[in-house]
Amino acid sequence: MHRERFYTLSASCPDQVGIIARVTGFIAEHGGWILESRFHADDLDGRYFMRIEVKAESLPFHLAEFRSRFQPLANDLQMDWRINDSAVKKRVVVLVSKQEHCLYDLLARWQSKELDIEIACVISNHDTFKGFVEWHGIPFHHVPVPADNKAAAYAEVQRLFEEVHGDTMVLARYMQILSPELCAAYPGRILNIHHSFLPSFVGAKPYHQAYTRGVKLIGATCHYVTEALDQGPIIEQDVIRIDHSDSVEDMVRYGKDIEKTVLARGLRYHLEDRVLVHGNKTVVFR
Amino acid sequence: MHRERFYTLSASCPDQVGIIARVTGFIAEHGGWILESRFHADDLDGRYFMRIEVKAESLPFHLAEFRSRFQPLANDLQMDWRINDSAVKKRVVVLVSKQEHCLYDLLARWQSKELDIEIACVISNHDTFKGFVEWHGIPFHHVPVPADNKAAAYAEVQRLFEEVHGDTMVLARYMQILSPELCAAYPGRILNIHHSFLPSFVGAKPYHQAYTRGVKLIGATCHYVTEALDQGPIIEQDVIRIDHSDSVEDMVRYGKDIEKTVLARGLRYHLEDRVLVHGNKTVVFR
Amino acid sequence: MHRERFYTLSASCPDQVGIIARVTGFIAEHGGWILESRFHADDLDGRYFMRIEVKAESLPFHLAEFRSRFQPLANDLQMDWRINDSAVKKRVVVLVSKQEHCLYDLLARWQSKELDIEIACVISNHDTFKGFVEWHGIPFHHVPVPADNKAAAYAEVQRLFEEVHGDTMVLARYMQILSPELCAAYPGRILNIHHSFLPSFVGAKPYHQAYTRGVKLIGATCHYVTEALDQGPIIEQDVIRIDHSDSVEDMVRYGKDIEKTVLARGLRYHLEDRVLVHGNKTVVFR
Amino acid sequence: MHRERFYTLSASCPDQVGIIARVTGFIAEHGGWILESRFHADDLDGRYFMRIEVKAESLPFHLAEFRSRFQPLANDLQMDWRINDSAVKKRVVVLVSKQEHCLYDLLARWQSKELDIEIACVISNHDTFKGFVEWHGIPFHHVPVPADNKAAAYAEVQRLFEEVHGDTMVLARYMQILSPELCAAYPGRILNIHHSFLPSFVGAKPYHQAYTRGVKLIGATCHYVTEALDQGPIIEQDVIRIDHSDSVEDMVRYGKDIEKTVLARGLRYHLEDRVLVHGNKTVVFR
């Protein structure tokens, strides 16, 4: 990672000869200085993926102009693409319930500027963390999710997200299942942390399931939320070793360490435009 | 681990007050010098597990007499128990198909006496490794498993295992499904290495399944074979990180490293009497 | 780990025949119900180590009486021993400077009762975290450490530790070197987290040293503080993978995740009486 | 990794605007189809690194012509570069002493074509593995290294390496220190596996050193051999967890698993032209 301001171009397109030459040729033509870059060809379906960091000051124009000048080439290559400025902080909305480990972890990373983001607000179906969040100067919204009127609750979540111009929604152990409408509204923009090594132990109480099966490692999975529960594209996973002496409660405790770490890594990859969704899989240029 | 000769007592029994005192009291009474020992109480179903290493030379009698003297106490405690002598090599029969990684790995460990066992023979449904195995001075049996007469093949495997007085059967990437009869004949004595992090990706072609789902880690599982395919008690598991650039072939290659390591660890735990089966789970005193 | 109240006996003594039998015999005689227990014989210098959990309600007396009744046996075995009650929370004093990751992590674990301790107070040479700590209802003391009068500062730290009857002092990235007097006053009671995989990169700026040497993994070490800088008995260590694209700043960031996790694990082992110091090494009954 | 034949261009040069565009422009101009590629800018000393895979059949000429056509551009960019053909097997010479774990591991990988190399010969200062190696159809040379005439021995090693046109020399637990002349003759072409997590425990008996210090993890390091013992550029490292119950012998045993795995990974990176030496460090495009 570089300290100086840079732009990150993330893109994919059908594979053909000359893609890198044309894209980097365009950049070089305008004096663009490339820092890290990485390219990947998917053999199976002939799609090409790339992530390119360009020093901001090396280009003679800003992003708006880059976008308009680059568009014809992108069109020609049938490219899905985006470019972001490291100097523009992304606006993240955090959803949380009653467990603190992911929330504390995210706020510590935000506090130390390790995560260089705006936390636009925190939304919870409980008011447990109101004081803690507000002490940090971050707005907190208590949005209960009553069993008989979930639709209204999710509408309010969406309204708040729109109101603060959120870029990314993070479910930091939010113990509610978002409505299909909400999932569909923000594809590739809602991250969840699931407390199992998916696809093992889909659904409720994964640690109980793991205990019953007698596995020797438990894990966590950070994935994009889609309408299919626990089925979205996986961004990051990790595991931790347990043994026969660990109860379900011990597994919950160990699991928290993995959950918060995997969520933080997945979120970082997402925020740094390292993740490109590819069907139900991801390309992650770590 | 200790270099001097020792006996290993492995046992489980219903939990009650005074178990350790009575068992170690019996040992101390005869001058038995305890090296490593470990005890575990399973809270849920009130069962107690133990593994105790006793210096052989500290006892005034041999194992046969130990067994007869200890039996009354074991009866009184309703104990499942066994005691083994580190100086008596266990007799292992290895089953293999056409992949070499686990076989080479086991033979290297046997060659260096790291695995202090007798490899009584190697059985394969192919003759690929005949020369290699025989070069090591180990008998090799080619037992084809024709689709229309598997029963005869498994009967022959069982006959060979009995003939060499095998203690343990190791499926070192043996690409056949043992008959229910064979599985039932040797509960807790047949080890398999499965090329996925069970219970993910049960059944055939787990690496293809993992590729399709887009997981970020792949794994392997060493378990006891039971009649239910890939469902037996898990002894050991581990995982390795992959990414989007890894093809199924790459995953197969990475997987081999995990498979051979996990099999070797699981086998060692088994041979050192560190594993106690508990329903469909295991207690592993590593 | 067990939910019910229990006592933990941790001890070491010269090795001889019959130690376990005598100790567990004493416990059984009084009806003591043993949960988890573990014993280790150190071959090299003939010392025996143990950790035994006994259900509190199974004994007919409390700890004070246990202590007096057990003392004669302990004397006879020349035992160093202690016994603690899971219902009595240990009093921890946290020292911190300006980095938040370990502090946030410890407070999240304390908040969720995952770490079942009293945080008696937080002491810092800066006032950065005053508001954050006090918001949690924990006293905060700003004790500057001026270069020309460190002795007075450490005397104040010690006074505060004594005043709150501290059991354990945790240096949670406290960027000052404690005085030899303070180290000597609390052997085996002060834990530090060092930001390298000791003994690599002793002293200042370990991440810079690691960057210069081109290592592929960086680590962290939780150890007891002694008068010899970074030389005390190691309790726990872990590592994380880096590569050529990681700057020193990236390594610092990755390192934080390892530091807080390793500190939390080491502290938990210490608080649960799982650590026995043995010369400059530790026995850790995880 | 790709199955089809490809060329791998590995290069580094002083950083400037337009490097990727010019290099990939050259390739595109001749119809070259790029598979995986990766670029890295070293911030500190302004050097640029790259690794590019090009489908062999997409180019209208062979490597000799590529080399002569590309040279002017390489000169212009002041580039250190090489290009290799995946269809040309590299010729590896393995040096070994009396420990089998790395040798068995390498031969299993060679046997299964996982390592797609020629093992030109095996050289040893003992004759332990003569039969085993020859059974595989690989020439074996016993070259004793007498204390009073090491120079002659190393001259013979060099003569054999030249005779078979060796590309890479692998010290697979070769327990002799190569002469400075031999090290200097093949910079970046001799790989060693060191049995510690360097820079911890440099020199002899690293496991004894690790045991004495009481570390909780042990490791292994694959590095290029230079004249400075255990100081060469590190290619790959890994660690494994140990605890107080592990003797030096146990550590040696655990260590073997790490050693063979780390050596195999480092060797693979080297053979696939993923490693670029950069001063005393490496860029590894995994």
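Think of it as A, B, C and D in the order they're written, each chain with its own count starting at 1.
The criterion applied here is as follows: contacts are C-beta pairs under 8 Å (C-beta built on N, C-alpha and C of every residue); 3 or more make two chains touch, one makes a residue touch a chain.
Note that the coordinates shown come from a computational prediction; the quantities given were computed from them, not determined experimentally.
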Which chains make contact with chain A and with chain B at once?
C, D
Taking each chain's centre as the mean of its CA atoms, which one is most distant from chain D?
C
For copies chain C and chain D, work out whether under half or over half of the interface numbers are shared, and give different or same accordingly.
same
Starting from the mean Cα coordinates of chain A and chain D, work out the distance between those two points in Å.
36
In whole angstrom, what separates the CA-based centres of chain C and chain D?
41
Residues of chain D that contact two or more other chains, please.
2, 36, 40, 43, 245, 247
Interfacial residue positions of chain C with respect to chain B in the complex
2, 17-22, 24-25, 27-29, 31-41, 43, 58
Quick check: in the complex, which residue numbers of chain C touch chain A?
1-3, 36, 99-101, 103-105, 107-109, 111-112, 114, 131-132, 135, 245-247, 249-250, 253, 256-257, 261, 264
Tell me, which parts of chain A touch chain B in their complex?
40, 42-43, 49, 197-201, 213-217, 219, 233-239, 243-245, 247, 278, 280-284, 286
